[in-house]
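Following are the structures in question.
Two complexes are shown next, each including chain A; its partner changes from chain B in the first to chain C in the second.
Moving on, here comes the complex of A and B:
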């Protein structure tokens, strides 16, 4: 049964996931070209000065890509379920509804996570190509809230799409937007280092929250 | 959980439901024994869709009891859901799947899965197994959905408006396959349709649902034998009114008609007392659809 659920989620996601992966790879390639270009037209000392004295981020081109990735994955996964209330088909399967939806959300988060890992590896390697290892590691920590925003947008969009009642849907939307805004407050490097574990925990708590809208969807009297 | 071992496939007792201040039913009662094929008929707006949603477990009723296979419909256990085949209005299916994928998806959920029944139905369409359901006509999709329900080998089937979007050919095909499947015996079917005529060959019992939740339930054979239509003549403008003998009066057709479960003489005696001068002329033959309209009215 679990294998069947994974099959269904993969069928819904595969094309979109591959497209989103391609988009992410293109963005990383763009970042590579931009940084390479900067090193060709500017002295290395100047770029070092921008980066470490003025604390200018060299890789904020990718800032909103994880957010967009999470959003697109959620839409690809849940829109086919919500059109014509097709979600009822899944709710009638002889399996606990919350278990089923937790598998869905786990699968979507995992697929987004795989793309995020590829992005993070690419970012690390790109930065390491021109900067010391410490700078590459710092880039990962600086970009970590942006990657976390991918999960937040995925979980948030999931809650908004599955929730049958408009007031609760608005609450989920506002809550998700507020969380996302919180993840994009940085002005320099590694500003979220201390807050990041709590942020990750809060983002992960959004996953089991899906049980409530599913329950409401099932019994909407 | 309120649960009851029962010979009834469906048990509705004192069911009430409201949408805000609007009351759909306040005391709805009927039962469906195992092994019967029952049609729920009613005009638009009487609450058929609400009742189907409650039976399918997607709506928690405001009050009363609605049990399906002995369990409250909104709290069915997973193993009970495996015994119920649902057909949703519009032949709902996962349109992103192919003929082959959807069978592979559903099979592991159902212990009695009968792959042969699914492919027996679906292969008749002559489509390749990798044909996407989203690219099918409504009629073709209905075959896939019916095949999936048959393969599930359910004890109870709840079929919500199976005729929606189907042309006459696919409607008959659907009914023929359903009829053949039911010949295996011991299956209960609860069906709604706007094509009342189709029910004539299919169902054992009919439930007429009226506005406010009044229910008339009887074997179809009894209904066909007992429900009568009489044309009548009336002096002047005076026409008989609906009451406990006269179920409906239709003044809109070529000849004025009235409908009753009582024999001709009883109706005439009643008219003589209640509406002197009105004379029954002849008993008119009726199809099930005529009888349905006669009972529920055109408006």
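Moving on, here comes the complex of A and C:
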């Protein structure tokens, strides 16, 4: 049964996922071009000075891409289910509802996570192309909250879409926006190093939270 | 996984976000530009004087330590070494203080400000450990950044920024010079000022694995290393390098015990500064030099301290004052009662985002009790038993207003049972698992 659910989710997501993956790869290619261009028009030692001392982030072009990725995956996964109440049918599979929910969101989060891993590897390699290893590692730590925003936007969009009641939907929307806003407060590199573990923990709490709106969806009048 | 547990997950996230964003919102509505009190020592009246904003608008006071008020012009005339340009305009130059005459050139030659802020300290800011080693004898008017950067570690590596590759030759040369001078790798710490907008370049101070201090310069392309003798038990925490025209002092040195020293230019002699109650982790320090005195002024968000010393750094006088910005205003008091804690994110002493709660003390308990009473009333109105609502009540008891808002936003009685009628979560949860 679990395999069948995975297959169903994959069939539902694969086209959009490949498109989103392509979009992410295009963005990373753009980042590569931007950084290469910087090094062509400026002296390398000045760019290193801006990056290390003035804390300028040369890679912040990609900061909202994971957020968009999470959002698109959630829409692709749950919007078709919400049309004509198809979601109700899915909830009648012979499997405990909460387990089913966790498999759905686990699959969606995994799909987003795979793209995030590809992005992180690309970011590391791009930065390493023009900077020492320390800077590439620092870029990953700096971008970590942006990648976490991918999961937060995915869980948040899922909460909003699955929730059947408008007031609660607004509450989930506000909660997700408040969380997302928290992940874009950086003024330089690695400022989230101390706060990130707590933020990851809180983002992960949003995953089981989706069981409640699903529960309400199933039992609404 | 129960629907109850799912709700609790949402509530925890909500409480965290409320504790973080509501104080920000409160700050945006009620914060005012009070800023820190400007405390100085007047060489004219031999008293501490200060300028402070005490109310909204431009309600500045100019006052001395005995409570005597001055006009802005009188205040500036009490610190003529700072406002020497105004003195010139007002025809008060040259100055005559303590039977000594000071013209513009004499004042300019002695004026110096050294600073140390908590945010500079290790652990207070992230810092990629790569540093450009400038040519200290550029042979031209301005300093410039080199094409290679130093990576202090198990050796002193140089990385070429054009090729992003290790420069083996420079690495070997500089590492060998340091080793010959007795430097024990790896490098524990590196201190310097990365800028080309400075009077000269003093290179870097390096701490080796024995906690010994070395001064490294690149002079005419060659490594110039000096070992700086320190007392055996002396462990350096931070060195704030100050490359200024006067070349009197090269750096402020902070040791692990929190004591401060000034390092003399050339001799590296350390001059101890006796600064009572100075806390480097929370206080900004400024040392102001003039032809007669050296004044150390240091403050956190509550109190400003000043110690005035003579030219030989002997204590002359000291003063401390609780700043107007530390006075709790009615909106702050209401906030402290309404909420038990805040997650302030930025504390001003570090670049890192912090999630350490700032507790509001016993006043917050009043708000918690009120919120708990409201929660009880709501539960009673909704006919929910205490047993079912124990987590909600615990959440409100611990987190006050944040918890109350969270349980109002995501109320306990909102689930629907399979029959379509309203029921509590527990009942419909049983249906879910069936």
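In the analysis below, the second predicted complex is superposed on the first by the 220 of 221 C-alpha atoms of A that agree within 3 Å, B and C clash if a C-alpha of one lies under 4 Å from a C-alpha of the other, contacts with A are read in each partner's own complex, and residues count from 1 in each chain.
Note that contacts are C-beta pairs under 8 Å (C-beta built on N, C-alpha and C of every residue); 3 or more make two chains touch, one makes a residue touch a chain.
Remember, predicted model here, so these are calculated numbers, not experimental data.
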| item | value |
| --- | --- |
| Contacts of A:200 with chain B and chain C, given as first, second, both or neither | neither |
| Partner chain(s) touched by A:103 [first = chain B, second = chain C, both, neither] | neither |
| When both partners are placed on the shared chain, which of chain B and chain C touches more of chain A | C |
| First, second, both or neither for A:68, with chain B first and chain C second | neither |
| Which of chain B and chain C A:132 touches, first, second, both or neither | second |
| Partner chain(s) touched by A:86 [first = chain B, second = chain C, both, neither] | first |
| Contacts of A:7 with chain B and chain C, given as first, second, both or neither | first |
| Which of chain B and chain C A:190 touches, first, second, both or neither | second |
| First, second, both or neither for A:220, with chain B first and chain C second | both |
| Set intersection of chain A contacts, chain C complex versus chain B complex | 96, 218-221 |
| Of all residues in chain C, those that touch chain A in their complex | 1-3, 5-7, 9-10, 12-14, 16-17, 20-21, 126-132, 145-147, 149, 151, 159, 161-162, 164, 194-195, 345, 351-355, 409-410, 414-418, 420-421, 428-429, 431-433 |
| Contact footprint of chain A on chain B as seen in their complex | 17, 56-62, 74, 78-79, 81-82, 84, 86, 88, 90, 92-97, 101, 104-110 |
| Touching residues on chain A, where the partner in the complex is chain B | 1, 3-4, 7-8, 11-12, 80, 84-86, 88-89, 91-96, 218-221 |
| Residue numbers on chain A that touch chain C, as the complex places them | 43-49, 51-53, 96-99, 101-102, 129-132, 134-135, 138, 165, 168, 171-172, 175, 178-179, 181-182, 185, 187-195, 198, 202, 205-206, 208-212, 215-216, 218-221 |
